């Protein structure tokens, strides 16, 4: 197998506008359906683990380590054409993985430009610098970009499509004023979240995502598998993605939060 | 030996204003002169290397690895009181070193908020995200903070004091339009740099520095030693300081630029 | 007649989040349907003029001058509760008018945070300071706010609802790269504008609008009247709304552009 | 008399850098000493008034109305070359005046990017939008620019030179936490204001000033007259400079604050 991106041009001016204003841009037919299916087949043979939390997501780590096909894709000119114009720095791949879900799964809203981050001993701020971003002289500078590649169709709202709050990647306020209330998280509906929107996608489509967006997925209620790959890029001074202990005062800790 | 910072309060409102508007703030008498001298004596026994470039600076790396005294200082409440209010994130120490210089040495102007960064194949941008910084809701968020601790006096202009261009940590334009001209660098004078300013310091004084400032030192012309320690802090997702190859297209490269 | 706003609380935290991230927030039932109808009846007796351009909009100027009812509304605590938290300056009313349209009318997309402004002799910039806005320490500072009050229902897409490009009030790029192409303006469809969205409203509803949003209305194809009032507020140093000659080099000209 | 500016080039890249980072830039020899003296002679015949407050400044209003010489200067290509590149909007002259002072006079620090503004009934914010400014795609957008033209020499600190706090035009914090304490204003010394700096000027020199800078003059202790002209420019939607009642809730009030 060798993957052949169907779309090799860098982001256009119109796509950059959409990425800048919406926090993401969808690239239809990044891979052919045949390539998407061969990705799916290959990675299902990799070891996987159940993600913590709801226990409804199976994660396949380190795709680029396990297969030259995925490595070549992560390094391809096609992929660079998405990352170059939104990072605009020397950059690196900080993680590559796949997520597989079935019915009755959800990925709740997370990130957001000004949500409350608590850490250390009672410290509380409204900025997570690991996905900060800015603009200068015609160029975007994003600290954390994810390229999602769909390997199955997510056509209907009950297929668990990507969802987000409009404009939340540039929000000045937090939506969730009390982060500890996340245990009693309100359902992902228009009533609870008037600016909630979602994006349909088909196998082979890609989404280039600014991680500052407050995003997740609607609940997947339909039968069948939902599987996608994620390739995360960051400026070269950012370490591989790994979670740190937010409460630790250690000045050695290395990782994300 | 055990070091006892003379100043243990966190940055005051007035000091935060100075740090925010000037890009640095001087903390007089952070260490006693006796402690500064004991630091100097201890670290001169460590291994050192001549820095590349002009070959006029001797660098002692990894202070906190070599001595519990330096580690304790880097972790002290006193030091945290400088770093906490300007980083406002879970953070880590990304380097600790000392620099020793004698007469006829200089540290030319470097960094700056909008200086030209060239990398890869002819790419050119005006932002280095490794020292980006922002402000939100009463808090500063700096990506790269250095605490300089003077171990000798730098009283006169010819002692090679810390120098900087006023307001350059928030510059929207580059000062050095052509970065390749740095070989023919203009002398550090008021004529060449109308907004150039410098800071006198004595043994035991500290400077808390936003690395976005376009800064360096005036030439040291006087006799005698100039030696200081530097402790660099960054958000926890930032790797230890190490230089990458700016031209490499590798997506594995890890480090600063 | 005397108008009694049904909603008198200032914008809530949730409404401020929506205004900040979407560029507007809808206030259902600001006026009762009966009050909306009495506004409509009263103002239709005022003098009006056909607006330039497409000639499909009838404009009634200076509502607050013509009737104490409208003046009281513009000055009401209810209205101030929308304006105070998004202007956060001493402010004034710079215009008050109504727009009446029938079938086959449209209000094309205008404004936007970074659209191209040409003026003088060939000068071209990507910012119109008359609707600039910023955020500082928990507060929004908008230069130009409009409160739209619907006097008839706009329920279906063919009723000509308010439309906008998501996130365009904070866009860093222009959508319309060539402003002179506006004569051949592309139709207001999802195909031409992937981030286009619209808002349904009923008589008595209000929309609090940040004028930096790239906004307009979908074409009205349905029969019947579409009529709304607009009250514009700005910081007190801004003059009454009036259009200047963009090409004039005069340093006396006073007005908007 | 007819004035002939000695300097007619628009601001250079270096001058724009200085203006951006320092909040002002000095233009030596904008007028010849002879022209400066003829300005002084002409305007001293105009009516004047004692300014409120300390009563130590004599103000001559509406220079451009009283004399074609001043009008021509305000409209000259030379002056436009300072204003165009820092306003970057259709603009107008909102005031023109001269200030004359003698010994024992001072102009205390005022403005600043984040000083506390109180207005209305107990409202308090940290932004005055009448001198807000931003940067986009290589261009500065200032809401209020003043060009000061010196008509006498201000060579020594006791001549009452222009003074400012470094970087205060981009401050995120207020320096004066309690604005009501301004009655007991601390003396303008380095001890009270560590980032205080001042600028010497000679007759004919000009200073192009971003009004967001926290600025004033050092006390004039020396004998003799200190006199300068000021020309203020703003985007065309800004009214002529006039002071409003900050406490008034009127939505008709028009003016500055």
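A few comments on the model shown:
To keep things simple, chains are lettered A, B, C and D as they appear, and every chain counts its residues starting from 1.
Quick note on the criterion: a contact is a pair of C-beta atoms (placed from the backbone, for glycine too) under 8 Å apart; a residue touches a chain by one contact, two chains touch by 3 or more.
Predicted model only: the values in this text are computed from it and were never measured.
In this assembly, the chain whose C-alpha centre lies farthest from chain C is B. Judged by contacting C-beta pairs, the busier of the interfaces B-C and C-D is C-D. One inter-chain figure worth recording: chain C and chain D are separated by 35 Å, centre to centre, where each centre is the mean of the chain's CA atoms.
Centre-to-centre, using mean CA coordinates, chain B is 49 Å away from chain C.
Of all residues in chain C, those touching 2 or more other chains are 137-138, 172, listed in ascending order. By the touch rule above, chain B contacts chain D in their complex via residues 13-14, 16-18, 20-23, 135, 138, 140, 165-168, 170-175, 177, 194-195, 197.
In the complex of the two chains, the chain A residues touching chain D come out as 137-138. For chain C in complex with chain D, the touching residues are 74-75, 84, 88-93, 114, 117, 119-120, 123, 125-130, 132, 134, 136-137, 139, 141, 143, 172, 233, 235-239, 244, 246, 248, 250-257.
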